[in-house]
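Chains: A, B, C, D, E and F, in written order; residue numbering restarts at 1 for each.
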Amino acid sequence: MSQQSALEYIRHGQTPFFRLPMVKPGIGSAEVYRGYQAAILGVPTDAGTTYQPGARMAPYHLRRTSALLGPFHPTHRVHVFEKLRAVDGGNVAAPPFSLESIRQLVQLEVGAVVEAGATPFLVGGDHSISLPALRAVAERHGELAVVHVDAHFDTSGPETWGEAFHHGTPIKHALEEGLIARGQLHQVGIRVTWKGEDEGDLSNAYDAQVYDMQRIESDGIRRVASQIREQVGNRPTYVSFDIDGVDPAYAPGTGTPVPGGLTSREAISLLRLLGGVKLVGMDLVEVAPALDHADITCHLGAQLLYEGLALQALIQ
Amino acid sequence: MSQQSALEYIRHGQTPFFRLPMVKPGIGSAEVYRGYQAAILGVPTDAGTTYQPGARMAPYHLRRTSALLGPFHPTHRVHVFEKLRAVDGGNVAAPPFSLESIRQLVQLEVGAVVEAGATPFLVGGDHSISLPALRAVAERHGELAVVHVDAHFDTSGPETWGEAFHHGTPIKHALEEGLIARGQLHQVGIRVTWKGEDEGDLSNAYDAQVYDMQRIESDGIRRVASQIREQVGNRPTYVSFDIDGVDPAYAPGTGTPVPGGLTSREAISLLRLLGGVKLVGMDLVEVAPALDHADITCHLGAQLLYEGLALQALIQ
Amino acid sequence: MSQQSALEYIRHGQTPFFRLPMVKPGIGSAEVYRGYQAAILGVPTDAGTTYQPGARMAPYHLRRTSALLGPFHPTHRVHVFEKLRAVDGGNVAAPPFSLESIRQLVQLEVGAVVEAGATPFLVGGDHSISLPALRAVAERHGELAVVHVDAHFDTSGPETWGEAFHHGTPIKHALEEGLIARGQLHQVGIRVTWKGEDEGDLSNAYDAQVYDMQRIESDGIRRVASQIREQVGNRPTYVSFDIDGVDPAYAPGTGTPVPGGLTSREAISLLRLLGGVKLVGMDLVEVAPALDHADITCHLGAQLLYEGLALQALIQ
Amino acid sequence: MSQQSALEYIRHGQTPFFRLPMVKPGIGSAEVYRGYQAAILGVPTDAGTTYQPGARMAPYHLRRTSALLGPFHPTHRVHVFEKLRAVDGGNVAAPPFSLESIRQLVQLEVGAVVEAGATPFLVGGDHSISLPALRAVAERHGELAVVHVDAHFDTSGPETWGEAFHHGTPIKHALEEGLIARGQLHQVGIRVTWKGEDEGDLSNAYDAQVYDMQRIESDGIRRVASQIREQVGNRPTYVSFDIDGVDPAYAPGTGTPVPGGLTSREAISLLRLLGGVKLVGMDLVEVAPALDHADITCHLGAQLLYEGLALQALIQ
Amino acid sequence: MSQQSALEYIRHGQTPFFRLPMVKPGIGSAEVYRGYQAAILGVPTDAGTTYQPGARMAPYHLRRTSALLGPFHPTHRVHVFEKLRAVDGGNVAAPPFSLESIRQLVQLEVGAVVEAGATPFLVGGDHSISLPALRAVAERHGELAVVHVDAHFDTSGPETWGEAFHHGTPIKHALEEGLIARGQLHQVGIRVTWKGEDEGDLSNAYDAQVYDMQRIESDGIRRVASQIREQVGNRPTYVSFDIDGVDPAYAPGTGTPVPGGLTSREAISLLRLLGGVKLVGMDLVEVAPALDHADITCHLGAQLLYEGLALQALIQ
Amino acid sequence: MSQQSALEYIRHGQTPFFRLPMVKPGIGSAEVYRGYQAAILGVPTDAGTTYQPGARMAPYHLRRTSALLGPFHPTHRVHVFEKLRAVDGGNVAAPPFSLESIRQLVQLEVGAVVEAGATPFLVGGDHSISLPALRAVAERHGELAVVHVDAHFDTSGPETWGEAFHHGTPIKHALEEGLIARGQLHQVGIRVTWKGEDEGDLSNAYDAQVYDMQRIESDGIRRVASQIREQVGNRPTYVSFDIDGVDPAYAPGTGTPVPGGLTSREAISLLRLLGGVKLVGMDLVEVAPALDHADITCHLGAQLLYEGLALQALIQ
């Protein structure tokens, strides 16, 4: 599956993710994804945001910054886009007004991707999109291992301002709906101060592995990544990467920044050290370009997405 | 009605609008507004936004910039806050997720304000909040004259992505619900290019006066303001001021900027030239602080709100 | 010629100019442009810049902001993209290093557009691209009338740092090469302070009409535009619009800003008042997105380009 | 008096104002200024600021932006720096901590400039520096006419937080100390809302001409400038230009912005229309670069300073 | 001690630190602080700044960002605001013009806080405010241990531009006035290049522990923090945290940035590892919001302040 | 060689690098550099840039930020500017249009510096300036050891858009021209993803030591620096420091940022740990101030340049 060359790219001025081919999705039909092994979907919504919005503009800007990445991954020594037949599936036509419609459309489209035998990569959008993605992926692959990078647990509840499904709850629902195998939720980068002393209880109740910043500080990201890699084993694994898992110095462009997070190198290393994992889906969420500076968050976001695609290329 | 002194303000670090007293609203109860002639309500939502969000942060930042304005209006020669008993009513607790709840809560709270005999001044938030405000005001005062400053008609429809009530439709619904008296919609600053040739039809059907930028260029803002003032006469009048009516040079902090708009002086003059109007409500919407620079949009927004309060002071 | 609908646009995330169809240019071959009446070409270069660079990134960002414009022009009352078969021709593959290659490639591609019977619209890039565009257009249409909006004369010479063809000289060469008919250079917005007292001599020698800001202040843009419209008459006319003709308040995103320029309204009005002109080419140059704020320069640039396309639609 | 050529400037990377020669001031000694007709002094202080500081960095950045201006003034048709022997006198070594020391040092250095027979041009710094400058100039030239451009009266008093001499009081003291001839204070651009109804009383008491924005709106800047020019006549005249007289859209880089001010064109025109005035001093104050965007305020500031120098060149 | 609920907060739009109750201070009277164990005071001044100002705006913006922190500290496992009766004491009414008045007022107000038996937490403002705070605290608690985080020694002297008490000297005076116990000054993060080889002499003369970045690099922040914790023992301890101790990547919003500083994690860890220390006062200084981006410095500042409050909660 | 004192600096407002004396270069003549041991040259060009330009403005802004550094280096315990007679040689008058002229002029001027017996320190400008600098230095000192800090190999080829000598190729040409001794190219910070699997082949072919981020992560910067120091030994060594070797969080102001780079501390440590190296030249390139925030990249750039000068001072 060939990319545009850089020259073509400069000439045409189009911006699919990573200069890949782009298809017109059939809104839930798997046909357009047939023959591909990976499909990248933009989900331009921030309807689930509780504090500063802006993530709806991320797919646009991450397409742009993704164009700078070369196809050969020097650490894994793999030519990502020769090994992996990948496609830009365009944006899920998520209406900005209705969280319920967004959930339905995301689940429908991710369902189409997995039905076609491809692995979905979602570019949010706020974190509420992870729940329908997990539903569609788990429907095909069964109970998943989930690597969840975030400053927050995303298990708050039962409701905030009357809404149960927003960007602070995808993990709660995924746990409660049985989408994640017991002991197979791996939460990395957690560091938010808590509303009350029970904030981590849900994660504990499901035997989640919580690699909070305290633990990363003492163990180091390599050891953390090795433990996750070992525990995940051969299980179908989904990576949900909230960019606010990374420190605001490296990722200022996000709506609910929390100081003291991962460095860019730790974030990249974490994904690289998962090599060989059976990746069945990934999302990158909460990038808010209006709060970014000099595109540094958007460049990092594109790199992280690329690392996920490289993981996928490794297992083809 | 005394403001906090500047010294008190510096000392306390609090930021009610215009350093006014601030009340704890009773969520729909008129009691807290009794004895006041004007109540300023923040409505921190941008759930109705179709393009770039961010207006939910405006009440916070407009409170801050409003602190710089002096109480005596040198053009009207009126001491605004001695003449007018005004209060900061805090923020309407609008949940960010549900347009319907927002409409209900805004209508409820504005209803409480008008029930107490005070005039509501809303600080959005996106433009969808004008509809419930107009409903509550019209319920008390009957069919209104509306001065609507905007780059857009805000009469699109019937639905966008399945939603009939968003920031592009408040005027449409207000017309169709009979909240605005025939011939008494005055649209100022309109200049958006159209989706189709029928984009202005609804305004025409209701005999709206459309003072688009073409007309303002040829007639001048003074003549336009005089015409509006004359046409409005003694009728209860509501001013709905979308900051994108102003040119992006003067108001970069907004989500759907359109080049070629009002200058800051035209915007201010327009309001000043409405002196004597029977103002029964006002909103200032679509200020998005994350897109602002050096607070220039927030300073202008606070000034426009102040001009509305001065109009109100004039008729006490 | 149909545009993508806004819904399709949101769904697919692609960004041709004005959501138009996009072709893969044949590098000098007219075939791809056959059947179109207008072709928009990006020219991502700033090799001709003497002060602050950055204009090479403009085609990317103007494609993005152009997506917000509606197809129906309310002042001219024309559905621009139904009346005019327009296409996004992608970017001219101008290498950033060689001014000579850039000139050759631009002339070649614009030549292909005019050979196909279409009108070229160039989106720079720096102002040096206007010379090869003028050459290709004049080759087909003969001596041109040129409406040149700029803060600078762009007639400096003979060389700067050893280079005769940079962003400060396109008009000089166009005059000297006989591409512009005598008395048919109309320079609008000129206001730069001069290196010496002869800075305006070349324009005078060719009987150029210099509508400097002094004159615009006293005559008003309407009278200026009328005079230009009248003088141009039925002659094939090329519009070269350097965004620094506009005041830095409205267009901060440019490399050599000069205070005291056109307002956004004057810039838009100028183009609108040329209605009926026989437009044979247009360029919009010197937008530097890295210096922009909240996209206000990019939104204005897209609007000005749209005004040019509307002029073209009017004469179909 | 020759400037550096642009080539020299690029080569050397130094940044005296307008690429002029630069002298090492003798701290109060007139010798270094002998033979010059104008001396530009930076005054890097913001100790007199009541709201947002930052003006201390202005001399640095205005030196940089001043390098872009050409020496020939096309409207006055004068080669400014051939006609006028001007020099950059460096910065007054004003300590940031003591308003009193700053006043002393500014008065001392401006005194040295006027003693050498040169005209001082001060680049602030905050507006408190105007008082010592006026003192030194009036000591030599007697009662002055003062053209004061500002959003504020700068006549507040008697004290703010225990300090009588800050950036809100230079005009008050200048009036009370008899530095300004009766009826010869011309205040342009005033528009701040007032603390109380007596805010304009001091200006009135001294028969100041207050050209507030209301009046500029109705009369136009040309008529205002003509009236000032006529009233000033042949009297020694000092121009005190607070950049916040200009609208925040054109001059966002200032600490106490007020919406609704002069456009850049009005500001420039005002100074141009004073041609022939007997200019004996000028200051440009309150530019705060940290709040600027893309240097637009700094470019405008340099242009306004240049207009003052051109006025000076006209009378040599 | 209950905080405002988030809903109340949203509703009221007020912004006391950490959504705590806010008192009207009696200007030096201890009464308002009675019953509280901690009082947070804003000190909006930057009169002591030698380079870029702006810290006067910090209390405003840190109040805003502090609202995002949850009350339960997950590392210390303590509910900070249940354990600790804390209050927002508003801003010390420090006039911006007089360093001496600022020192007096800060000492007076901090004196009132300690007299009431509460621990003062100051939010600057520039670093010169630490001296009067240390004086008031030492007056009650005797010679202090001081943990001083900074890029600079803050021991310069004797005078800068004639002023002995500015933001570069608080530690010098505290040492010389005997406020700090011998050997109990712990300076962390020092890395500025020196004016001369004696720049560290004063610290040495008082047996200060200088944990410069060189040492932190080799020992690690954990070992450094342990050493400090051990050396401090049970002694009354004051933490003076200059945000420029942190690297500019994490804290761009400060006036004299020095590359190569602490990471956000090191800064947070340092404070956490002081658990059990007998904290008798803290300040957080030199945050300059106008130089910040996306509030990342303000979020970090709020977190550091919170860590101090948590230390205080631990010993209740 | 004495610097200006800070007081002089404040007073005069001039900005040579590090407040050093500044000479007018003779354009290739060694005379102006006689008696100096180090000369700092600005090279204001970005003609060799392939993606975002802007580095041409770096010499201006790095002169400004360099003024904050003190002359005594506390780690090396050396008074840099007493030990080392250093001078600011102004800017190489590199025309922005011709890569060939730039190469010639840089080689000529660097040749003059080395002929005078001084060590050249270049401040770019884009990375293409390193080749002519290396040529001039190698001509005098023979085959060099080169420490090359970068995110990219800079060995691409043979041509990009028809140009062999741009900012992506200086190392390639230096290797092929034999300017670098075999095994003596030390590349630090490499992390870009590759166009193809042969991207590192050229470095390997010349036995370069590639310390990519993977290796720095596992070995630590101290060990890496020690290895380089040992391998370089007594060989004449040139340091070419591309600021994009540093992570975008620490250095956002650059045109082709790549996530996952060096921290500011690693970058500084690397240079410090080369103490005693026989430094014969250094460049600092690719700083693009328009993309910087709050000058953090410019402050870091000045610090890195200072570290190079300190290395030079150590061997005098």
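Just so it is clear, contacts are C-beta pairs under 8 Å (C-beta built on N, C-alpha and C of every residue); 3 or more make two chains touch, one makes a residue touch a chain.
The structure displayed is predicted, hence computed values, not measured ones.
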For subunit A and subunit D, chains touching each: B, C, E, F
Any chain that touches subunit F and subunit C: A, D
Can you give the rotation angle that fits subunit A onto its twin subunit E by Cα atoms, in degrees and rounded to the nearest 5? 120
Give the pair among E-F, D-E or A-E whose set of contact pairs overlaps with that of C-F by over half, matching residues by number. D-E
Interchain centroid distance [CA atoms averaged], subunit B/subunit F, Å: 55
In whole angstrom, the CA-centroid distance of subunit C from subunit D equals 38
Per-residue multi-chain contacts in subunit F, two or more chains: 7, 93, 161, 247, 249-250, 263, 291, 293
Between which chains is there touch? A-B, A-C, A-E, A-F, B-C, B-D, B-E, C-D, C-F, D-E, D-F, E-F
Quick one: in the complex, what on subunit F touches subunit C? 46-50, 52-54, 56-57, 93, 95-99, 101, 160-163, 166, 290-291
Residues of subunit C touching subunit B in their complex? 6-7, 68-75, 77, 79, 247, 249-250, 263-265, 268-269, 293-296, 299-300, 303, 306
In the complex, go through subunit F and note every residue touching subunit D. 7, 10-16, 22, 24-25, 42, 44, 59-60, 63-64, 88, 90-93
In the complex with subunit A, residue positions of subunit F that touch it: 51, 161, 192-197, 199-200, 212-214, 217, 247-250, 252-253, 256-261, 263, 291-293
